[in-house]
Amino acid sequence: MNISHLRKNLNLEEVGQGMYQLIQRLYPICRSITGNGVRETLDIIKEYIPLEVHEVPTGTKVFDWSVPKEWNIRDAYVKDSNGARIIDFKKSNLHVVNYSTPVKKTMSIEDLKAHIHTLPEYPDWIPYRTTYYKEDWGFCLSYNQFLALKDKEYEVCIDSTLEDGHLTYGECFLHGEKEDEFLISCHICHPSLCNDNLSGIALATYLGKYLHKLSLGYSYRFLFIPGTIGSITWLALNEKRALRIKHGLVVACVGDSGKTTYKKCRQGNAEIDDAVIRVLKESGVDHEIIDFFPYGYDERQYCSPGFNLPVGSLMRTPNGRYSEYHTSADNLDFVRPEFITDSFSKYLAVLDIIENNKKYINQNPKCEPQLGKRGLYEQSGGQSGNVVSQLALLWVLNLSDGEYSLLDVSNRSGEKFDSIKLAADRLLECGLLKEAEKEFPA
Amino acid sequence: MNISHLRKNLNLEEVGQGMYQLIQRLYPICRSITGNGVRETLDIIKEYIPLEVHEVPTGTKVFDWSVPKEWNIRDAYVKDSNGARIIDFKKSNLHVVNYSTPVKKTMSIEDLKAHIHTLPEYPDWIPYRTTYYKEDWGFCLSYNQFLALKDKEYEVCIDSTLEDGHLTYGECFLHGEKEDEFLISCHICHPSLCNDNLSGIALATYLGKYLHKLSLGYSYRFLFIPGTIGSITWLALNEKRALRIKHGLVVACVGDSGKTTYKKCRQGNAEIDDAVIRVLKESGVDHEIIDFFPYGYDERQYCSPGFNLPVGSLMRTPNGRYSEYHTSADNLDFVRPEFITDSFSKYLAVLDIIENNKKYINQNPKCEPQLGKRGLYEQSGGQSGNVVSQLALLWVLNLSDGEYSLLDVSNRSGEKFDSIKLAADRLLECGLLKEAEKEFPA
Amino acid sequence: MNISHLRKNLNLEEVGQGMYQLIQRLYPICRSITGNGVRETLDIIKEYIPLEVHEVPTGTKVFDWSVPKEWNIRDAYVKDSNGARIIDFKKSNLHVVNYSTPVKKTMSIEDLKAHIHTLPEYPDWIPYRTTYYKEDWGFCLSYNQFLALKDKEYEVCIDSTLEDGHLTYGECFLHGEKEDEFLISCHICHPSLCNDNLSGIALATYLGKYLHKLSLGYSYRFLFIPGTIGSITWLALNEKRALRIKHGLVVACVGDSGKTTYKKCRQGNAEIDDAVIRVLKESGVDHEIIDFFPYGYDERQYCSPGFNLPVGSLMRTPNGRYSEYHTSADNLDFVRPEFITDSFSKYLAVLDIIENNKKYINQNPKCEPQLGKRGLYEQSGGQSGNVVSQLALLWVLNLSDGEYSLLDVSNRSGEKFDSIKLAADRLLECGLLKEAEKEFPA
């Protein structure tokens, strides 16, 4: 079975339920760019797909960076004068600034306030903050919680450790017919935030789960990595292998109700760009194509000038464009099964194009071949379905000169990719097409 | 005399009357892709232009195809129980499905109906149907005729023959200064249908009639061929010669009242494309430019990937886009002299551009030459006519660096081609321009 | 001090007053394409900038042209029967057709009228007319003056000379680090007309005055020349040197209230085009970009095909597009200090871009460098100023692959050039960028 067959036979509702349940399981875990939350997350993903877990020691040089100390946290709270936990890590792991150094002391309200982050414009939401590269600590509160702080002194505790250890990431490699790779990359460093990026983790996991059983043209590499430092680490440790990546997508923010957004790779006209744009166009639904910019997620690293890989990002609402972004409101209600399912099926459609996007040579290039004697001619026309297929046949024949891939034929003709693919299959069967000689990288 | 002179001196109304009378003469003949109707048609065209008539035997291999059996028909009818010819080939040759095999028997209304084609949405019109590559027979009726069939049995007769013979086509070649050719191709296989394509036949014939007397830069080849199998046959028998075709137009549907439409060749940016687009732009009248697609008329064959010739199609309303298409309503009323005349003059304008579209080298390329001392400077400006011509002179001088043809100068400047041509002529006269060295094909 | 520093420290109001005062001084002088008016004008400019004055003898061959005879005029008038000067050169030098041959006689009103030019549609304005290349004479009057001519005879006097002499032009050359040149060219041949082109003369003079004191990357050449014949003369005498011109602007009509207009050079995509377009875009104010056409001012000569220099023209309202053009209404009221100041600052902004538009190589091209450890990372974001600068840093790093100049980075990113420049400077300081090897002309 290949991806085309899978797409026809898949029960998408089931897939959606599965992804949503995975999000529900992962939601409570306190993840960061290192630490046990990441390990716990990868252990769960391992139940779905074959996953190799890598541990890279603190201090390892990765290009311009070093792998940081490992951060772990057990508990954290602020107690009022009655000893009540008025801020409690156990209620939401967003309450603690991620990567906070340990604290344990009683302090004045003034001293405490210097370490508190709130969102006055959304008084019920807790913001999400990090301090990876500057040793510091802090608490994040809803603005209403903040207004309720009336005591003069508070007992403050962050029971964390920041010590030499490891950076942990997961990798799932699926062998295809070719050594050329398709990269699926998602960041796994955010704690209880659903769209950013449990949605991406769930989608990537389920892609892996289904592709695992298929016969594949490309090899597929799935990376479950902490943002920025994770992709830098992987690229540093796999510099040569990275050159095999012929297409790639960074999966993030794929579960909200917003329209689908594609951010092109730095090259801007790569095959992955064409493939995604075609899928979005054929969806018939409002969507947005944006040019590459060196901000966002790990496409920043894959598209740095020394790699310049054809890796785009297929999202729904991009980071920073929704109010719930990086707040406690990015929760299990913000992400819905139907939206992540829609994203999943778009990913599959893209992969289906990439897998099938070959170039062919018309074996009868001088004038049209006689379709009738091969049973490919609808004698008396009629239903529009037939006419379309007739046109698709003629387009494939006309443009199969070794220059046009099927995706190019689809783009020039305006015919759907599946229709062009079907036409090519029928022409192959009767010997009117032959695959163009593949180019091998030098 | 050259084309430019012809355009100035031609009595277009006379030309229009002549073309329309030719359509009237050819209208009654029952043509098909082979047979005596084609021969009769070519005999009439021969009265206007020097025409070589070719006969290609049935069974001749032409690329993926074989020349089919020759079809001829003398009579056909359906008689009711009173012996009255209620369907009569003599009233309209559209009544018989083109290429019908012979029939002579009495049959039930049910059996007959299985062979009848109608157009319920246009109850007075007879459809046009063919069965070239599947041996079959049938009748085409207006829907009202069909409703009137009340008898139980009918006498059915098609007095046709389908036997080894020839495919017949006509060719008119006019020698020009160069071996490079301009192809004018029209299909001659349709019976009593006026716009499609007696209009094309008449326009091509009259182009030939007038060009015949001119001194020509390019050589011109006119093909009067059955659609599809005719162009395939010509290309198969003239594979090498086809490479001399530097520009070409397929003439079809040029007599209706619709706006002019140009379908680009497969290359999409050939000189013929630029020339036609400029003529349509300068016409100041609504028109449409459409991209190539591998459907329509014989441009499908000329633009197949193994030839990829620069052959577009200059029409009015394209095939399939008007209700009268392939029905008895495509008659002598549907085509009007003023419309075919307008098409004719656009063809001439295109040819005029192509004939004159040379590249020149400014002989005084450093700074502007002094136009005044050559009588080319309108000292005190004034009438807008002069100012335009002044600008045209300056544009031709500025862009005549061997890269820009006059058509390119016209396109970049926005000045009309004739104005640019006039400027170039005046600059040539006074030695400020020289023709760029011609490139010869290897 | 370089141009960037100058732009920050300049008192633009002072500059504007200075330019306007220069215009006021030059306004009364009767200039032409040759003669003492030009010399007097250059003498005044010499007070501001180092200027070499060239005298080219009448009859010198310059490409297709010859330097014309020198024209000078002392007085001119028309006296009525009472001996009153009803037309008086001393009141406006526009009253005499520029380059008029001497006249001294009494003539009938009819004979006089054959030599009179008026503007009936603007009855109070005097038109400006010339007769450089046809020996003739004439007077220009307001239409109201013309209507008041009631006498039968008039005494007509033009006390001019047209004799062998010289063509005079001024040249100011400022040495920069490179031999490559930036050309600033303005025409100095118009008499009492302010926008066309005392505004250009004043702007060019003040540019020279300020650049003179700066350390410059490019060498700057300022030409103060009579229109057409002046640029042709300079190009003919400096054919080889002209090849060093890498960017250039023709300065004309820069003092009126109209929107800024940029006319691209013939190449159409030169660096000067990109730079000006960016400045206009960043101005946030309505402006117009027009394609090159071979008419206008001396860009016609610089952009002739034998030179094809990257010389555009940055104006406000172009010649011929305002009613006051070439009339006495193009006076000291039509030009205002604030508009010429605005033009001046746009010229400076363009020069600033061109001076700084280098290509760099990211020294850490694989993944992003860690900005934090270099103090370039705004840990907690915040003010939009910082965020922009962060993005500018990332864009410069991402695109500094030797292909993109800073202007290209600005164009692709949409970030302002100054922001990109600042980012590049900071990255250079910390060693993350290195200038790409400069290409030397062969």
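Letters A, B and C mark the chains as written, and numbering starts fresh at 1 in each.
In this section, a contact is a pair of C-beta atoms (placed from the backbone, for glycine too) under 8 Å apart; a residue touches a chain by one contact, two chains touch by 3 or more.
All values derive from a computational prediction rather than experimental measurement.
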| item | value |
| --- | --- |
| Homomeric contact chain A-chain C: same or different residue positions, threshold half | different |
| Rotation in the CA alignment of chain A with chain B, degrees, nearest 5 | 120 |
| Approximate Å spacing (C-alpha centroids) for the pair chain A, chain C | 54 |
| Numbers and ranges of chain A residues touching at least 2 other chains | none |
| Residue numbers on chain C that touch chain B, as the complex places them | 62-65, 129, 131, 133-134, 228, 231-232, 235-236, 239, 266, 293-295, 300-301, 303-308 |
| In the complex with chain B, residue positions of chain A that touch it | 362, 364-370, 372-373, 377, 379-380, 391, 394-395, 397-401, 413 |
